[in-house]
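To start, the structure itself, in structure tokens.
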């Protein structure tokens, strides 16, 4: 039995990405759902409330088994079409998405996912991915290798340090887009430093 | 010269045979039987083989009591008390020495020779005041005079308690127990007669006093005197406490006693009481609210969880509700690969067939009409709004719970503060408050008067106890004087017994006399005319043997012509140099050759004492049993066994050679 | 983080105009990238200004503007400044004659300007620059996104390598004329290409530049696709002259490219043995910095020498890209020098 939240998220993100790019890819779906989850944490929601868990792969990408498991059911229901790693939403799927978006249960997560996807207004998707690989949970997976569960004690602690810094730098913020943009910008700086380090080490 | 009739006669029983069964301590030999011949019976063994236990078992069989080590006789107060309070210790003593599965089996059997015949008893080790069997055979040999088989175990024991003291010539069984444990036995407790005032006096009453009732009376008097003393002290202390209170009140009186301030105090007190009561009520209320809020929260949590689960189900049903066959992986792959996923057929016809079916709105698998089953969102919508409102309620319940918990905490603290404020106030102004309750200053005076009356009555009580004490002391003194008189009459017979024995051991002449002092009656011995009251002037081992000499003398003195008395000795080891050891052996031999019986334990290979005794007694008056086969030997003991054997052979040799003339008792 | 906060334009906009401001901002952010797909910003010398009025009132200065309903129906632009006002309806006004002061109009609008690779947002009395983290693109909003690796590589060749637009890549050159490479330019090239791919390649891709550079590891960049067994191996070779000192030069001609092709082919074979289930494709990327008549001390170059190899396609023998299905057509990226 697929997780309702995971099914909704999958469909929602696919819909938005298709509107922008024509198709969606698995990597992007996992990426934006993870970013959405992180934004919910920023707003003070407990990690367990998101509804499903994530793991960090050693490529520095986030992955959720439950999210991935939603795909076959949605496909079978005719809401999405999957082909060679590309996902597209069907007209049926768009209709259902509209209905589901109206359900109260999904209200909060809709806003987090929307803001997550709005990062594409400011950055190309590759940059969003690049930035997120510097997130305290994903970064060790990238640096050290080996997949690991995300949103664990230590990573949450460091994440909250980031959030504290965001809060103190920004003060009161109504629009989640603002801290989201700042954070991604900050993470991109970290990514730049990281790459510079790698460059230095490879030169010697 | 005193006539024999004026001398106390104690016809102590002679132990003929002992049988121990189920004693796990002696694991190699669970059924031990020893027959004691006239004279000395030595149980030879090594340390740790259970020599002391053996003697304790014999005494237990006789008395039903194992003495508690470390407790003085004085702590019991009287012979009766000693018996009563020692009954419980036997269990503890034997528990360590007998396995759990042998508990029922374990028993001690004794054959005793008494004036009128033979007593045979069997006592279960863990059965208090009971005998498993008790038979009496008369010495006339005309069969069993008494067979307790028909009686209950407790009845048998009662009978035994009646018959035995009568045979011996004692007033009560408790007296017998006392004598057996404190006089006739010298064991590892190292209880010394000479140096324990209370035991000695009791023993003297029993041994020298002509009337055993006197001993009993003296015993009771001593007990009552002590009791009166402690009651006296009690009253004393209570009176002192009350005096303190009176002083307190009087000083409180000296403080602010104006009517005003008393009123103020009363008012403040009332306020504090009211505050406390209010706070208590408030705390109770908030506590109830808190518990209610908790319940509500739990309920909402459960509801929300249930609804969430339902939601998942509804969602899945909704999504899966109308599958589109065209999207099914089997259909898709069949179309893509032009190969039927079910039967494997390859070719364009596969695609055509599938598309034809789909085109005519038929299921490719079962041919059913494909109704475009629209999804029914109603169920999902319903649950969605239910869940949303449940979540809402849950959030509210959580907020309420937190709020109420904080309130309860505050109320509890307020209550605690009110209680302690009241407490402080009351403690400070207690006497004044009490007086305020009773109507002011006059109340205080009344209380003072009350206390004074109590003090007076206590002083009266004290006086009374003192009188009792004096009276009883006088009586006791009378009995003691009687005892001294009786002693004096007989001491010319008694003292030589002691002197002989002591001389053979110490090589020094010891004189003995009885003294009656405020503390009681005691025996003092003196060496070369200077009294040796102080214990430290003799070495410890010398003290032991002097004490043994005293017992031997007492036994000899109180025995009738048929010398049946048995002295049980757990031979003290060590610290005697060889010369004294030999002399100790000679002393023992004297006793034995005089016709008395000695059951004693010894360490085989340390003892010159044994050798000397063996040489003096010879086979006719001494037997040696080895305990070394009763229990498994430790490594050390095994190594020592060779030495045992050497020593044992020596002793046997000495027995063969003996007896050597030591000199007869007078 | 505080310094960065100052440069986050969304914050500035929210602070100045509140919710209306962020809504207007979103509209601008939707519009500008789409606009740049039609009008490349790096081709513009004059300013581009796009604004949205909070009340949706058309500005007076734009009353002579053209109203457009879609980006495909825009007029052709001259070199002058372009001003665009977005309307709620989705249509927009375009003018090349309006004279607008962004600071002034920002009182009632959210304004975006682009001028000579500098971008700003204005709202209320505040303004905020736009940080462009991507080297080599005129505007962060003009960064393309590719699904296909080959297209991305072509874009890199045309937009980044050709004129060394990428700032990282400039480090590969010794001197500003781009005649001779620095000693050991490979890591720089690799880094530049990797950064580009990371930013532009879509969704599934993880780009990891290889740390070890020696002949046993010829592969410079690995590209994997999420949840798939596809793998792209990119090998980089450079042609031209590189030198540390003024005395000697290391020169590589087209034979180097052929060596590279062989190495890549061998590696593909090895990879196929180790991981037979993977769908692997090899890409040979050749940074072509060959010039005519270059000496260690050459500081300047004329057009003839500079562009001598502009069209000098490399002949590959064997033609792996024709014989192997896992070998892509090699991409030669000619890098232009600065000539006299």
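Structural remarks
All chains are identified by letter, namely A, B and C, in their written order; residue positions are counted from 1 within each chain.
Please note the rule applied: a residue touches a chain if its C-beta (ideal position, glycine included) is under 8 Å from a C-beta of that chain, and two chains touch if they have at least 3 such contacts.
Note that the structure is a prediction, hence the values are computed from the model and not measured.
Distance from each chain's C-alpha mean to the overall C-alpha mean is smallest for A. Simply put, of A-C and A-B, more C-beta pairs touch at A-C. Work out the mean CA point of subunit B and of subunit C, and you get 94 Å between them. For the pair subunit A and subunit C, the distance between C-alpha centroids works out to 25 Å. Between subunit A and subunit B, the centres computed from C-alpha atoms are 73 Å apart.
Within the complex, the subunit C residues that touch subunit A are 1-2, 4-5, 7-11, 14, 18-19, 22, 26, 29-30, 131, 133-134, 140, 143-145, 147, 184, 187, 191, 195, 197-206, 208-209, 211-213, 224-228, 230. Contact residues of subunit B toward subunit A in the complex are 311-313, 315-316, 319-324, 326-329, 375, 377, 380-381, 384-385, 387-388. Contact residues on subunit A toward subunit B in their complex (touch as defined above): 1-4, 7, 72-79, 81, 92, 96, 99, 103-105. Within the complex formed with subunit C, the subunit A residues making contact are 21, 23-28, 30, 59-61, 68, 84-85, 118, 121-127, 129-130, 165-166, 168-170, 173-175, 177-178, 181-182, 185-186, 188-189, 192, 195, 198-199, 201-203.
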